[in-house]
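As structure tokens, here come the structures.
Shared between the two complexes below is subunit A, which has subunit B as its partner in the first and subunit C in the second.
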Partner chain A sequence: RALTGSVAGTGEGAPSTSRVFVVRRDQDIYIQTLRKLFNESHGIFMGLQRSEEELAGKSRKAQLVQVSKNYRSVIRACMEDMHQAAISTRDPALQGQYSTQVSILSAMELIWNLCEILFVEAAAAGPLLLRLLDWVRLHVCDVDSMVREVLSSENPSKHKLFWNVVDIFVLQGRMDEARHLLSKEASANPTSMNMYKILDDLMKKMPVPSLGNTQTLTELELKWQHWHEECQRYLQDGTFASNPHMESICKVLLGDEDAILEKKELMTTWYHFLVTRLLYSHPTVKPMELRFYAQSSMDLFLGGESSPEPLDMILMAAFEFEMHQVIKECSIVLSNWWFVAHLTDLLDHCKLLQSHNLYFGSNMREFLLLEYASGLFSHHSLWQLGVDYFDHCPQYGRVYLELHIERIPLSTEQKALKVLRICEQRQMHEQVRSICKIMAMKALRNNRLGSALSWSIRAKDAAFATLISDRFLKDYCERGCFSDLDLIDNLGPSMLLSDRLTFLGKYREFHRLYGEKRFPEAARLLLTLMTAHIAPCSFWMTLLTDALPLLEQKEVIFSAEQTYELMRCLEDLTAGNPDKQKFQDDDVETTKVEMLRLALARNLARVIVKEGTVEGS
Partner chain B sequence: AMEDVSAKFVSQKISRTRWRPLPPAALQSPDVFATGSWDNEDNRISIWSSGDLGNAGLNGEYHGEPRLLCDIQHNGDVMDMQFLDQERIVVASSTGTVTIFRHHQNNQTLSANHRWEKAHYHVDQDTSCGGAACTGVVCSNPEIVTVGEDGRINLFRADQKDAVRTIDNADSSTLHAVTFLRTTEILTVNSIGQLKIWDLRHQRNEPSQIFSLAGDRVPLHCVDRHPNQQHIVATGGQDGMLSIWDIRQGTMPVSLLNAHEAEMWEVHFHPSDPDHLFTCSEDGSLWHWDASTNVSEKPSFLHQGGRSTAYLSHSTINQSVVSAWLSNDPTKDRMEITNLIPNQTLSVNSLDVLGPCLVYGTDTEAIYVNRQLFA
Partner chain C sequence: VWDKSENGDWHCTASWKTHSGSVWRVTWAHPEFGQVLASCSFDRTAAVWEEIVGESNDKLRGQSHWVKRTTLVDSRTSVTDVKFAPKHMGLMLATCSADGVVRIYEAPDVMNLSQWSLQHEISCKLSCSCISWNPSSSRAHSPMIAVGSDDNSPNILAKVQIYEYNENTRKYAKAEALMTVTDPVHDIAFAPNLGRSFHILAVATKDVRIFTLKPLRKEVTSSGGLTKFEIHIVAQFDNHNSQVWRVSWNITGTVLASSGDDGCVRLWKANYMDNWKCTGILKGNGSPVNGSSQQGIFNASLGSANTSLQNSLNGSSASRYFFPPLDSPRAGSRWSSHAQLLPPPPLIEQSCDADTANLQYPHPRRRCVSRPLNLLPENEGV
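Up next is the complex of A and B:
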């Protein structure tokens, strides 16, 4: 593949001698106009994968032919855009580039069209010739400008290109147009009227295959034989002897190879020569017979003067019905996998490719699609198309997708969301977790705790949710108040994602209850947080300290049992850390513990009295 | 109808499309729209004309693909966009910058008129991990409100260099969209599924009300308010769900409609025909919600354009004006929901409706225009 490189500086003012080379694969992808080709053909590709396979026989074939035509019209549209770009740019280098692209696209369309006729439509003898004639007329040489020039002149029959135009019409089987021009010659030259009438009549009567089922091949062959003999008679009688142009035309009608070869310059290519030969010597040619005519046509046309070019070899392989050869040659010649990937996929849908297992086990269609899609993934924007192509590679598509999708830079949250959706839809759980972790970590570093939590919820990542909760709690301990109350107060069911998160929610609820002066409820909640082990041990001291104001209230809030529980908690806490008591710095700690013990004892005393006196408290 | 859609492949993934507003007394259909791109090394703001005015068809319809009038380079992904007036458009960038572009119609060019760099950013520049995108922008000339990934709300005035007001840390999660509720109140939606009302007259930095969905805190991505009945609000979520809220009552939605299979990116009430609602999604579909069949015996004067005198008693009028959206019971009333995209592939990121015209843009690098929406 074409590799291009460019140098990117490191910038930022640091004294650096290192350079970074930006290497790009597939330069083609970066051409703006081609992006339309990739996007439009993606739509056609998806439509084809989803199309009903229940349709059988003729309707399925018609459907596939339509798909092929759609691809071709996309190529043509791209060609047109590229052409517009070429003529409107002032940069000669760019103009050269665009013009090259135009000829490449033109060659692609030529090849595709031939493949459509021979493989997708699989035209049978009869219609085959008509299709090939259309193909030649559309692609091979541009007669239109010549025709316009001749017709718009004052005296067309005297124009120097007049006979060229008549000849090319005959060579392309455009009889009506040829006859129309000839009539101008006849009216200008009354002496040749007789000759003209005969030639005109012969051209009018020439039997051609029809598209409908109006005649069988045998009927056609019979008629054609008679007509051929009639032409022969006129030629041998010397009817056209006085007019070399008309005599030459008559020889062409008889399929005289030398006569046709004389017009080499007009036909420009050997495949034009091939079709003309077939038209005038074997109009009922069968598909399988094409190869012989093709080979001999190329030999005769090139005549040993020039050697065949890659395009010639590809077309030859097509005429020989060597599909794999066509694909192989195209892969070598073209710098982008687009063409071969889509064409092969279409041929595969036509059930024409045998599963040629390549050395690493997957078939040709899949191999080409994988290569194409991988190329898309190297583009900053077209990677989204690549996903769909991987989806339709049954053997290795998923693995490729997993590897590629991890390497997409997640520059914004929006992009991360889209990548995430792709992974979720395909049950790529590992990638989902990985992406959410990256985004959550970024959010955490930026102090966006709500965002971080949102990502954790999406990945159902309990560990990260715990991390975030710890952060909140740490903030609380440092500042004495909660940040982001809008988040903590509205956790909803997501609170259950992790124990720490649940604790955070409940702890905040305790504060709320306290603020609303609903002391008994607050007290109950506080106790539950410790006894149900929802609170982490590290936080118990804080909780017990929070209990102090409740213990100091005028009204007795904690019941006897609750007080015993609190005392037990305190003892559990202090018993576990005998060292702490010895530290001088922990004067505050020891004071706290003492205060708690005192408050608990006082509360216990009061509550025993209260419970003892009041009935059923 | 499907045949009235003209498509154009534009070699850039479209993140936003917006019709240019029509002058107040205008009779013609909208013609010009703007698009913004994303995920390109070179993103662009482009202005298009939606029909070839020279090729009017038999009935005077325009048939032709959108035509580029002018474009300009934009730094960062285009996250959101809104026309400030006929000539100016405000654009929110993934770099956190907010820019006003001016469209010069005499020579068909665009220029950057005013820029607020770092309108959105993460607080600690030293430890911050990447920039903060500006995710939403809404205008009411000359006021502009923006929200972003930094949870910040900014209030700008066009042509005033500094922000009029900034609410730092308004939200601990990402704010995804903003819209005006009333002239002094705005609505925001965030990534933990909350809808908040902010009263800009008050100096305190707290929302005046918070609404949230009952279940999981599914992020909300878009919000729109009913054009005539200001208590009706629609939001779209990450799970593709459409929620209709009545903000006069309760803190939970009035109805939840299971819509798309993936994120709903935009929701729009039709500005002049609000019984019609449009949503688009990451799943590649664009839905037209038609609640006009819900309201029975709608008096004729409520139809668009009618100026006939209403011979109805006062009570009947009040009854009929209760919106189709609030009285919606999917099992009882019929709401017609149509997917306007026949062969969906990649995400439809944005849509806009004005009059009989719909424009939308996709990740398949194409823009689509339908000029006969209600035909």
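Up next is the complex of A and C:
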């Protein structure tokens, strides 16, 4: 089931023996023409999940039937696209592929349509036959070309396939069309006028179930009995003896199996045969009776020449109302879970599936939806549809989503943000944290400190935020300026995530204040950074050094009290420093300390004078 | 190391010789820790590597640089496997060696990959070939590691051992041994835990085996709780018909891949009735075996070509789940013969003038179109 993908060789460009192969399954999701199928069915699926169950009985059923029809119309639309693709391509291989896919889609629609009739609509005896007739007419079109040929010929009744076409109409219960054709034959052959009139009349009078409640089944059956007997009489009287074609038609009307089977080639399938049989022998067939007719029809039709094929078995299971069997067979035969997942979900909404307690999902519906959605996740954009499907799998949906969403390649920031939004909406905190961490790490490795910081803030990862803040500060110490000023300036409340981050933000604020020449405020802030222990000890020296220009302004900025504080800080720093040795040996450090002491002392002197002086107004 | 470019192609971006013996395994750390690899070798060492973002020129030339952050030299014999622990345990890895010692290392500072400390040394008594961490981050599960042995000497000792971390003693202790696995084990893998209470373990030995380990209530002994497990074998496949060398799980632990000396990779999956079966066979170059079709949307699931198979363990003939491979059109089958003999489908030749309200497409049973739902189409070339 896995299909070959690209091949990886060894590097350097020279084609060498490949040793690593990349294989991918579920290639279907990459087929462009199927996109519409996946996208639109997703919309229908979501609508169904959200649809109100307040509606009961008939309205609910009508609603579900509509959903089923919508799915089918999506399948047909897809077939149309696929067909267009097939006829417009010049590549014979592609042509073949597309045609096969059209066939398969057609089979799917055939199966779905039958399931809609039997399970969703649960057509009762009477309407059941009409629905089945529609179904057959819609799906058996092998004979269309023949029909067209005859109808469009100059003299249809002379056409060699004329009677075939009449037979087709009769077999499909298309009485009006049959009668219309027959009338042409009658006008061409006046001698058979009598026979024709009788046959025409019989065909006109044939009782059929109606959709409205205009008659009960019993009434219908009664009428039908009478009519059947009338046909019988005409046949036995030899009315049609001179025209074998008409006689054969009369036999068909009487439900004569052999007569119907003679026209095997015109029906092409056993289920067409089944419906024709029912039409002419048991039009009031009940749903539960279908299985017997179906089995015998298949046996009679195949006649031991050929054995049933997968499609036959699926349809048979449907006629037997073995829903689970239908789903199982379809799962085996179809490699993509699309069909069974959506059909099963619909049947589940019709409350038709019993829950088995399963290991992989609480019931078959969930199992299939999980499979389908998982398949979508390997696609670079269809995965977003998968999210919604997981949301509607109550037992394992969430954990599947957690596992899958972590594996989506975060190739761009936009994608990462998209994924994040999905996680945040669902309170998947661990995944949010993880994704942000991964993005932060990536940014950090690429030295994009601003991006790394943003991601850690989003992840609420205090430890990482601290680490990155340290890097920022280190950068500043080395280069004398900050990078990503915008980000740091606009931290807002997220500044509080970590102490180091707070310090970074505040320190930057200090620089801003200084740049705006708001010296007293800057001074106050600087001091607070140390006294409130927001600044790490390692940074105090830098801060004190930053204080120097403030101390050496013409105007006195630091108050006496502040100056004492600064001095205390300096002493704390030099005295309590374990690397006292280092301090003493390092000339630069010693010089700095000396300068600071001097500047502080000078400031103190000036400020004492200033504060002691009574200012003139 | 290969990187995938924007257009989906894989390129080898780094290749370097470093170990002085065969490199047995490589493994990735979780991307939360950056781009980090570990390797282990016959040369008795394991190493941790980190990708360094180089000059932008390198990126353009498609080259990446990897630096060795640390070499773990504690082992006195070939180091046969190295695996990072699940990320919720921090930056931790385990190695196992041919002399039966499993070592667990931790990097306390995740930003400093050069500092690793040896936290545990576990003596398994049998030569080790593989290890697997239990990925479950549930608080109900203690850290757990499975160790496989390829010890070849004739004995019936269990070749799979499960070690669990004991919170009280702060040590790893043996919690279980799979007594039914007595042949050399080449690979072992815990499946991702979907919030289940029990664990699933795949073992590559002379065949593919899947076990479930259900924790029973912890026995309160003097050394504090050690979990006891109820062990069941839920699948056993000998399709490779030879030694199975590797097993690997998909993201959700629903598909297992195995590779063997038959040169094939096989994929195993549990159906919705919880029976494991083969869902695909690939040759060494990735191409499917037995022509499981590549075309069309819906190909039949061929599954195992060996219908002769199986698996008494799985009870019912798995053939019920598969269709027998179609080697040639079955005599009498309308489809096959027609599909082969008739000219190309008229579908293409005729213009489609059907109105959309009544789209009529060639009925799937149409003789001229190749079998839609049928298995195995055209053996190419037939």
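Here are some notes:
One rule holds for everything that comes next: the second predicted complex is superposed on the first by the 530 of 617 C-alpha atoms of A that agree within 3 Å, B and C clash if a C-alpha of one lies under 4 Å from a C-alpha of the other, contacts with A are read in each partner's own complex, and residues count from 1 in each chain.
Basically, a contact is a pair of C-beta atoms (placed from the backbone, for glycine too) under 8 Å apart; a residue touches a chain by one contact, two chains touch by 3 or more.
Source: prediction; values computed, not measured.
More residues of subunit A lie in contact with C than with the other chain of the pair subunit B and subunit C. In the superposition on chain A, A:Gln384 contacts subunit B only, with no contact to subunit C. In the superposed model, A:Ile438 lies in contact with subunit C only, and not with subunit B.
In the superposition on chain A, contact of A:Lys36 is made with subunit B only, not with subunit C.
Shared-chain residue A:Arg421: touches subunit B; no touch with subunit C. Of the two partner chains placed by superposition, only subunit B is touched by A:Thr412; subunit C is not.
Of the two partner chains placed by the overlay, neither subunit B nor subunit C lies in contact with A:Glu516.
When the two complexes are overlaid on their common chain A, residue A:Pro493 makes contact with subunit B while staying clear of subunit C. Judged by the touch definition given at the top, the superposed model places A:Asn447 against both subunit B and subunit C. Subunit A uses residues 411, 441-442, 445-447 to touch subunit B in one structure and subunit C in the other. Considering their complex, residues 1-12, 18, 20-23, 25, 27-28, 31, 34, 76, 79-80, 83, 86-87, 95-97, 99-108, 110, 138-142, 144-145, 268-269, 305-307, 309-311, 314, 332-336, 339, 356, 358-361, 364, 367-368, 370, 374, 396, 399-400, 403-404, 407, 411, 434, 437-438, 441-442, 445-447, 467 of subunit A touch subunit C. Listing the residues of subunit A that touch subunit B in their complex gives 32-33, 35-36, 39-40, 42-43, 46-47, 380-381, 384-385, 388, 411-415, 417-418, 421, 425, 441-442, 445-451, 453-454, 457, 483-484, 486-487, 490-494. By the touch criterion stated above, subunit C contacts subunit A in their complex at residues 2, 6, 8-13, 15, 31-35, 51, 53, 87, 111, 192, 194-195, 251-252, 254, 267, 270, 272-274, 279-280, 282, 284-288, 292, 294-302, 321-323, 330, 332-335, 345-348, 350-352, 356, 358-367, 369-375, 377. Subunit B contributes residues 9-13, 38-41, 77, 79, 94, 122-124, 127-130, 132-133, 135, 149-151, 169, 171-174, 190-192, 194, 196, 207, 210, 212, 214-217, 219, 238, 262-263, 282, 343, 345-347, 363-366 to its touches with subunit A in the complex.
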